[in-house]
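Residue numbering begins at 1 within each chain, and the chains themselves are lettered A, B, C and D in the order written.
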Amino acid sequence: MNASETVEITGHLIDTGILSRVLDDIREYGGDWVIDRFDVGHEAADLSSATITVTNDDDEALARLLMRLQTRGVNQVDPGELEVSTCELDGVFPDHFYSTTNLATRVRIAGRWVPVENPEMDCGLVVDVDADPSSTPRVRTLPMSDVKAGMKVVCGASGIRVDAPLLTKAEGSFGFMESDVSSEKPQAVLVRQVADGMRRARADGKRVLWVGGPGVVHTGAAPAMVALVEAGYVDVLFAGNALATHDIESSLFGTSLGVDLAQGRGVEHGHEHHIRALNTIRKAGSIKAAVDSGVLTGGIMHAMVTGGKEFVLVGSVRDDGPLPDVYTDVLEGQRAMRAKLTDVGFCLMVATMLHSVATGNILPASVPLVCVDINPATVTKLADRGSSQARGIVTDVGLFLEQLAGELVEGYTTPRG
Amino acid sequence: MNASETVEITGHLIDTGILSRVLDDIREYGGDWVIDRFDVGHEAADLSSATITVTNDDDEALARLLMRLQTRGVNQVDPGELEVSTCELDGVFPDHFYSTTNLATRVRIAGRWVPVENPEMDCGLVVDVDADPSSTPRVRTLPMSDVKAGMKVVCGASGIRVDAPLLTKAEGSFGFMESDVSSEKPQAVLVRQVADGMRRARADGKRVLWVGGPGVVHTGAAPAMVALVEAGYVDVLFAGNALATHDIESSLFGTSLGVDLAQGRGVEHGHEHHIRALNTIRKAGSIKAAVDSGVLTGGIMHAMVTGGKEFVLVGSVRDDGPLPDVYTDVLEGQRAMRAKLTDVGFCLMVATMLHSVATGNILPASVPLVCVDINPATVTKLADRGSSQARGIVTDVGLFLEQLAGELVEGYTTPRG
Amino acid sequence: MNASETVEITGHLIDTGILSRVLDDIREYGGDWVIDRFDVGHEAADLSSATITVTNDDDEALARLLMRLQTRGVNQVDPGELEVSTCELDGVFPDHFYSTTNLATRVRIAGRWVPVENPEMDCGLVVDVDADPSSTPRVRTLPMSDVKAGMKVVCGASGIRVDAPLLTKAEGSFGFMESDVSSEKPQAVLVRQVADGMRRARADGKRVLWVGGPGVVHTGAAPAMVALVEAGYVDVLFAGNALATHDIESSLFGTSLGVDLAQGRGVEHGHEHHIRALNTIRKAGSIKAAVDSGVLTGGIMHAMVTGGKEFVLVGSVRDDGPLPDVYTDVLEGQRAMRAKLTDVGFCLMVATMLHSVATGNILPASVPLVCVDINPATVTKLADRGSSQARGIVTDVGLFLEQLAGELVEGYTTPRG
Amino acid sequence: MNASETVEITGHLIDTGILSRVLDDIREYGGDWVIDRFDVGHEAADLSSATITVTNDDDEALARLLMRLQTRGVNQVDPGELEVSTCELDGVFPDHFYSTTNLATRVRIAGRWVPVENPEMDCGLVVDVDADPSSTPRVRTLPMSDVKAGMKVVCGASGIRVDAPLLTKAEGSFGFMESDVSSEKPQAVLVRQVADGMRRARADGKRVLWVGGPGVVHTGAAPAMVALVEAGYVDVLFAGNALATHDIESSLFGTSLGVDLAQGRGVEHGHEHHIRALNTIRKAGSIKAAVDSGVLTGGIMHAMVTGGKEFVLVGSVRDDGPLPDVYTDVLEGQRAMRAKLTDVGFCLMVATMLHSVATGNILPASVPLVCVDINPATVTKLADRGSSQARGIVTDVGLFLEQLAGELVEGYTTPRG
């Protein structure tokens, strides 16, 4: 143990169990620790703070441990000077590049703390220094694939501060726990809290992002989602080829896999409706063109188009078709998704593992995030992915969206057959 | 292959895939077959019939195969004479006893076909022959544990006819498939079909049996179920200690595990509320006594008691307490359940594997049966247990019961916090 | 907040996240807190200790909160005097009875700290005071159903100390985490750790308890388990009717559901082998009688009988038969299980939710406990049930037991078809 | 019902339940039927054949039903003339294009039956007619995205014959069911059958295709898979960025998520090892370059490169990096996968839903296919996707591959820590 550094952290340390996770990290990275100081928050509302000396085998091992600890909001007492290296190859970071978190982050440049513009996890930090030395330098996250030779990239863990999430467990990011949870109707409470989160985002001038899988259509929730689109609760939609195709297929041909799925039966491939729906939209040129020409007259995508809402569809290797609107290059798809994150103030992920993880990867930790799925494994996996703001709800997607529409849309009633 | 027998079957043989399963059975039991005659139903509504010669190694192997085939409604062309042996020990059937199905069954006694009184699977058939030879003999199913020395029990496969279920797949037992399934709302369709099944049972003067697990309480569905009890859609309830205890705990202490479960988190043991609720009811002497004395004033069990509805609670090895109403002897519990099956015309199983399987074991195949659970494995397992009438619905139990109450109970609205 | 008490806790408070859970408890029970003192363990091996003043609305609410906190090892600084009430009814505790944990517990009687004899959760504490005042009083846990009128039962939270589990997360109860986990073979590591736990128990003169479900037979693990029984690694077996019946059915008739299950298919009820196997053993009188008379010549139960091992089979409401050895009364079954816990030093739970939860309910926290199941939900549920010593392994039961036998049994090789 | 056509089918119609599915299809597509003739196969080995007149509302509805029926091997008695239309737009089929199955298919051109070159489902059929009328025309499948304006594409259902899979259920495509399944070791039987399938493919000069997810690495199966690569049982690997990155990360940094996963815990994002491993390989230029330069010295990808084996890695929207070898355009990825299918004679899918479905989409039905996953839902979903040849195995991937290596690789022993 030849390398050591003193770090500090402030927050609801005990309450949230975060200190426990910090010590786990140190152990996992082969390091050791001494707690130098621990000022405990005596009352529930108080913050605690701790100063810890961490040690590790050598400077490199220590630097990596320190970077890891910053994902918990643990910063060096003496942040030191920012270290920057120049990229030599397109798409390759310098060795020892600083790997980002999705937390609010600042870097120290020329004696000033400059905030990172768009927190995103697993990226590098690119410093744009203007020719004019008096101008403020800009620091932004950039994914590995988009970095160019010549860019200045932050290396090591010095000169960086990450703001720990300050919320207590009791508060949560939008009040899941604080509410007066009546014993009889937990589902109703969860539905209302999601509704409140969306209303609040809208009241704050923020946008609501949805991430959806084909289960939205299969479970019969399309009419509920259409109502929510029309009522203004879906500003942006991230999805794959499947949600849009199944929605369009359902509108064009009236097919549905829902009853089969609801009865726990697998659904066979077969329906050539699927492939015909794709061909129809490809012939029209785009979903919008199909709407404009009267080919597509209903469903979720129709509502998004007629309401002027934004959507990003990104393809996957299992896709048929795909629809002409689908990004077949996944990196271009990621870039398109990033471009739509501006002003997003609430995110609801429904019935998709792939696109939910993809969105979680690029979303700042400051955006409240709720994942809804009937499969506990999906919810757990999403909630685990380092997004401390994530909340999971294990329920039937169809019935959940029905109830959400009932909560948010004036006069909405469940369609009955 | 030294033993052979000619059997016949009539029904929607191709449509339902039943003939495929018959041949699987023959293969599985080591036998072989020749199809002697196959009269195909030419149009969708027509019945088919087949005559098949089955062979096996020896008479015993053949007899067991024939018994197996009867579970599919395959009967011997020449049924032969009924063979009856006398039990020598209490609780033990004679060797080669006939093991029953839950299908309508007749046995040939003295030249007459006598119907079996209470079809139940995995039982023996006891023949009660009156001293007066002119009286009609009675034949009834009896579980192994209840047989007594001296009883006459049917052996072998001769002299027995089992009526194959005649329904086509398209009809189902209460019309799941035939309905005009609108593509947008499969869940709503399923809810309505369950509601229709309950209404029909009631209109026919039949009773509605519920089998429930504690998930009914955890998912916040207790108010919906209370409304359904009060509206007369719950005539009998089979459950364990857990449903009743959690319901009572919730009424006495206001505790709920629902939000935790809804968010996919495990729920720790801890709540000593659970054990105190048990002690409170044990002190009162019974659930009814607790209701009568004003100790218990709400919840599902309260509604059952005040509405004069019947319930059978059967314990399990994991129980705390248990409640004084719980049968701690599982055989006595099974007997109590059997005694409540009279006139049951519809059965809904909700959120319990253990009690659903137990009920499926004793229920005749003629009773329509729906299983609702959020876990596909539970639904599949129940639907697989030889009950051709079973239908499974994979959904959130809380939201499902909410919608069912909305469908069946005039003026029911979801309670909102 | 009119009632308050000062409590203390010592242990690896931060490391294990236990303090976070303590504060969660206080919040959940409607209380509040002030942390009066927090002495942090500076180095990884050091213990921390904290003194906390907790408040709640009234004395009863506070007493219940204090009882809850004791399940975490949080004790009153001033333990006060033990309060004892006399039971008035058989099977009913006095109001405000102290509800136990499964942790080592002591009560203060006449100025002495008397250890509780058999820690078990959700029980009452019965004080046996001898007529002779000079003799040491005995204190033992007793389940609600077994208490008798006239017994002295501890009430409230005074005069009781619970020893917090002291282990750090890194140590675990038998070293799951500390080992040099090589990246390539986590399963092999887990298998070896279970093997080590069993070897250590045996070396310490302790017994190994197995809790098993029918999956042990279905997954083809019976030969591996037989080898482990013969090698002395199965001293006691807790199971239901199903494990024993399927094992016996497999020995008598050679049936197996394993390939079907392994391919993810549901298994239909049908096999009347099941019911015939039950009849055969009932005719013999008991499993042992069937072994002695040469009727049963192989399988797990045969190995247990011939090796003189103990087993407790407890029935459930879904049972056919059951086997003559099965306790049909679940309370008698629980008593029989408790009677076999003496000297148990390791517990392996395999492929059963029902009996694993039942065993977890009665096992002291000091016994290392591993749950193996292919279903993550089962493992999570068991690990969550307040048993801090529980470890879960999500894997294929058949292959796991194969590997365990390979590790523990000299010369064991996988049988190949 | 104004349109009708007479169709025929030959095969193990009853045995396999295929006729039942044909009638389901007719019903689902709104049609009706009359069975004109049914020649039953009297003995188990005999084929049955049926002639059926199907009707539907109009010609278009009938044509679509006929196309659907061809996926079952049901062909028109009078196949009629092939209808071909010319594509007018790149990437768009003509209306009424024939949507393919993955079964062996022939089309009638100029009085000759020409086999389709590469059966693949959900494609169109492109007819290449040479200028020289004496040369044989070629017919091949082409996905929608690859069709070009001017190509001749088959429309309607006339002039096409699809060969029904002839195997009985008892035979399966590589004998899963026929074997003498010993009751004690179903897992071992399944392992051996997969091993036999691979040996047979190799003996026939065919290649073995693997489709893998990161679970191969997480479950500790990498050494087993390396042994299988070296022994020649992995000719081609289809995977995503994750399998390769986790494998490489494990080799470079020794990290593993396996124990966490094995204990049923979610795994948090965090490890920046992941992103550094990606950067390292991107810097090297490719996986092969990293092997050649000595940067990458172990693991699955290393073994593939040094053994000269082929792999296709296709990206997804959730990818970090990705590795330089990854196709970021999913359509290009699909094309690369198709190009590697030549001479594939066995396919093993392990621990991946996404790439397994993608591979199932492009694989002819004639290739034996086994899916292995610990999640029954994955196995069921894959087995359901119209691939009658698919077999699923629900088990622990790590232990399964261990046992497979033990079966196939001389001298392979499980690595022990």
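Quick note on the criterion: contacts are C-beta pairs under 8 Å (C-beta built on N, C-alpha and C of every residue); 3 or more make two chains touch, one makes a residue touch a chain.
Just so it is clear, the model here is predicted, and its values are computed rather than measured.
**Student:** Which chain lies the greatest distance away from chain D when centres are computed from Cα atoms alone?
**Tutor:** C
**Student:** Report which of A-C and B-C is connected by more C-beta pairs in contact.
**Tutor:** B-C
**Student:** Per the centroid of Cα atoms for each chain, what is the distance between chain A and chain C, given in Å?
**Tutor:** The computed centroid separation for chain A versus chain C comes out at 39 Å.
**Student:** As a quick test, compute the distance in whole Å between the mean CA positions of chain C and chain D.
**Tutor:** Computed value for the inter-centroid distance: 45 Å.
**Student:** Roughly how far is chain B from chain C, centre to centre by C-alpha average, rounded to an integer in Å?
**Tutor:** About 32 Å separates the centre of chain B from that of chain C.
**Student:** Where does chain A touch two or more other chains at once, residue-wise?
**Tutor:** Chain A, residues with two or more chain partners: 376-377, 380, 383.
**Student:** If you look only at chain C, which of its residues touch chain A in the complex?
**Tutor:** For this pair, the touching residues of chain C are 14-17, 19-20, 23-24, 27, 32-36, 38, 40-44, 50, 169-170, 376-377.
**Student:** How about chain B: which of its residues touch chain A in the complex?
**Tutor:** Going through chain B, the ones touching chain A are 176, 179-190, 192, 218-220, 222-223, 250, 254-256, 258-259, 261-264, 374, 376, 379-380, 383, 391-396, 398-400, 402-403, 406, 414-417.
**Student:** Can you list the residues on chain C that touch chain B in the complex?
**Tutor:** Per the stated touch rule, the residues are 64, 67-68, 71, 89, 91-93, 95, 97, 99, 121-122, 143-145, 240, 266-270, 272, 274-276, 278-279, 282-283, 314-322, 324, 328-334, 337, 354-355, 357-358, 361, 375, 377, 380-381, 383-386.
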